[in-house]
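Here chain A shows up in two complexes: once beside chain B, once beside chain C.
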Partner chain A sequence: MDGINRNEEGYLTDFSQWNKEVATNIAKECEIDLTDKHWEVIDYLQGKHKNEEALSIRGIKKSGVINIKEFYALFPGGPLKISTKIAGIPKPKSCI
Partner chain B sequence: MPKTNVKKMLFILSKATLENVYAAFIMANGARMEGIEAEIFFTFFGLEAINKSKLEHLHVATVGNPAMHMPTMLGGLPGMEALATKMMKKEMEKLDMPPVEEFLEILSDSGCKLWACKLAVEMFHLSEKDLIDDLDGILTIGDFYNRATEENTHMLFV
Partner chain C sequence: MKKLVILGAGTSGTMMANHMIKKLPKEEWEITIVDQYKTHYYQPGFLFLPFDLYKTKHVKKKGEKFIPKGVNYILDKIDKVLPKKNKVKLEHQTIDYDILIVATGTKIAPEETEGMKASEWHKSIFDFYTYEGAKALRNKLRDWKGGKMVVHITEMPIKCPVAPLEFAFLADSFFINKGIRDKVELVFVTPLGGAFTKPKATKALHYLLEDKGIKEVVDFNIEEVDSKKKKIISYDGKEVKYDLLVTVPTNLGDEMIERSGLGDDMNFVPTNKATLQSKKFENIFVIGDASNLPASKAGSVAHFEAEILEENLLRYIAGKKLKEKFDGHANCFIETGHGKALLIDFNYTHEPVEGSFPFPGLGPLKLLKETRMNHMGKLAFRWIYWNMLIKGTHIPFVSATMSEKGKHFDKKN
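Up next is the complex of A and B:
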């Protein structure tokens, strides 16, 4: 992970540095082995970020990609926080 | 950023005004999103928030609420609560805040436990069939205290 710019919480500060290897390494730090389903969610999150749409747990519910129960199971310990970190995008600022 | 020491949040919701219900729901959901366990105990009027026939009809309190910035007598006029509620719901929709029923589903799916208070259920002559399907059960306050099984559990009365 040398040369990858990250903030104090471990989020990438430059999305252009993101790739699957970087994602896999961040996931390892969070004790997560990425499966196809994880990649599908990451793709969804990055798409939302690209379109400048705010991320929320309600949005996950409506996403059609994953339901909330699975989301919590895939990214235990704070799903939106952890999944966005792996996806290389900023931590969501919303309270909901 | 340092990691929180809070492990579990237990909420007691005793009121069914929209502002109190949302405060409890947002804090409980916020806890789950941070990886903190969360449970809500619905007691007294708080039961309305999990009563199937009541939960979509909760109101903002316009009387006895100084932050409404309207004279108490005005707040008591017919239709005033409905108007204030409508306005608040509109603002909440703008922020993508889910309606009560959907919020309860989100909480339950997120692993937040939802409990009804046994004494209040009996007092209001309710039974399990009156309450939401996602309910985890009906407990006494003693049972609820016993949900605090680990260090760094906090209990909050709303």
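Up next is the complex of A and C:
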């Protein structure tokens, strides 16, 4: 992970540095082994990010990619927080 | 005659009517604004209503008073927009437009969460994002004897994302003043990674939660409310019990947007974040909470957008290229209780930082710091809102785009 720019919470600060190897390494830090379903979710999240669309649990529900229970099972604890980190995009935030 | 139609006479719509009546020649343009409700609410005041700090008269006025002369004001329900025909179907008539401004805002949808809007709604489960909810909560708090109060955000995005935190801070102050703070357990439940989510704000402000004894439950995505057992349950089976649940339900754009086929998953209109033009139709523009912009859904954002939208509408009419000028600027006072408040100033790319506002180095307001002066600013804002902001008067020294002067950014910013 040398040369990969990340913020204090471990999120990439430059999406152009993202690749599958980076994602696999971040996933390992989060104790997750990536399966095909994980990659499908990552692809969906990156698409949303590219279109500047906000991520939400409701969006996941309506995405047709995964249901919310499965989303939790794939990224236990804080699924949006963890999946965005692996996808190389910013985590959902509030104003402050 | 050409026609400008504004849908929604809330903060954004009213501001745009006031802006455009001054700019468009009367002999060429007819301006119409449509809303189904007669009342204009000062929505930031809903935060104070539950604690008896504001009264009804402070937050509720007749909308008509703020619609400028010369603007056609229609009180009717909007059925849908027919964007390919440049028409809006209202319940009682159909109107044409050359340019449409969508300013229909966002509203709470408690029915989206199982068990939320059931028999306990406004009895032990409250919202404070509506006048009715805030007033019902005020009546409840007047003789509540204490217990576990859970302040809860259902999902993002929500209008005024800091309001739930402010509510928790004001609740702490309210119960101290009432002499029952020791009988109240205050818990803040959020679907995000923390009550504060940005690094600088977390560092500067997390002490507020600790000092006030407010517990945080994070990464909590609610699946249902069990109102009989008085607990909220998350998708991954976590449970938080409550005696009094103060929730911010799912926020959705107006159903009219869905009926018109103009919205995203949450009925917000996909909009160019710098020009405020809708992504699908070039003669439809969107302002305020109705858009899907990655900016905060807040009155100050709508105010800054209004100045830029006015300019872009004039450019659009003149056949000029739109200015990609909106930077997501927001400027918000945050009540922290005990007569103090914070002020934050930020945009799409810059997180809130410390510094002074509006005059670099001088203030008098301090950014990201609790002061009494900031609280005075928040109170003064009610007057500014009714007398300047919705009337489209420029607020001196505060620019539509964010100034970087007087702010303590890191060098890499």
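Here, the second predicted complex is superposed on the first by the 93 of 96 C-alpha atoms of A that agree within 3 Å, B and C clash if a C-alpha of one lies under 4 Å from a C-alpha of the other, contacts with A are read in each partner's own complex, and residues count from 1 in each chain.
One rule holds in what follows: a contact is a pair of C-beta atoms (placed from the backbone, for glycine too) under 8 Å apart; a residue touches a chain by one contact, two chains touch by 3 or more.
In this text, all values refer to a predicted model and were calculated from it rather than measured experimentally.
In the model built by aligning both structures on chain A, chain B clashes with chain C. With both structures placed on the common chain, the touch criterion links A:Asp2 to neither chain B nor chain C.
Once the two structures are superposed, chain B and chain C can be ranked by residues of chain A touched, with C on top. Of the two partner chains, chain C is the only one that A:Glu53 touches; chain B does not reach it.
Of the two partner chains placed by the overlay, chain B and chain C both lie in contact with A:Cys95. In the superposition on chain A, A:Asp33 contacts neither chain B nor chain C. Contact with both chain B and chain C is seen for A:Lys81 once the two complexes are overlaid on the shared chain.
Applying the stated contact rule after C-alpha superposition, one finds that A:Ile68 touches each of chain B and chain C.
The interface of chain A with chain B overlaps its interface with chain C at residues 8-9, 54, 56-59, 68-69, 72, 76-81, 95-96. The touching residues of chain C, counted against chain A in their complex, run 112, 155-157, 161-162, 165, 191-193, 196-199, 201, 205, 218-219, 221, 223, 235-236, 250, 264-266, 270, 273, 292, 294, 296, 298, 330, 332, 334, 344, 346, 352. Interface of chain B with chain A (complex): residues 1, 26, 29-30, 32-35, 95-98, 102, 105-106, 109-111.
By the touch criterion given at the top, residues 7-9, 52-54, 56-59, 62, 68-69, 71-72, 76-81, 91-96 of chain A touch chain C in their complex. By the touch rule above, chain A contacts chain B in their complex via residues 8-9, 54, 56-59, 61, 67-69, 72, 76-81, 95-96.
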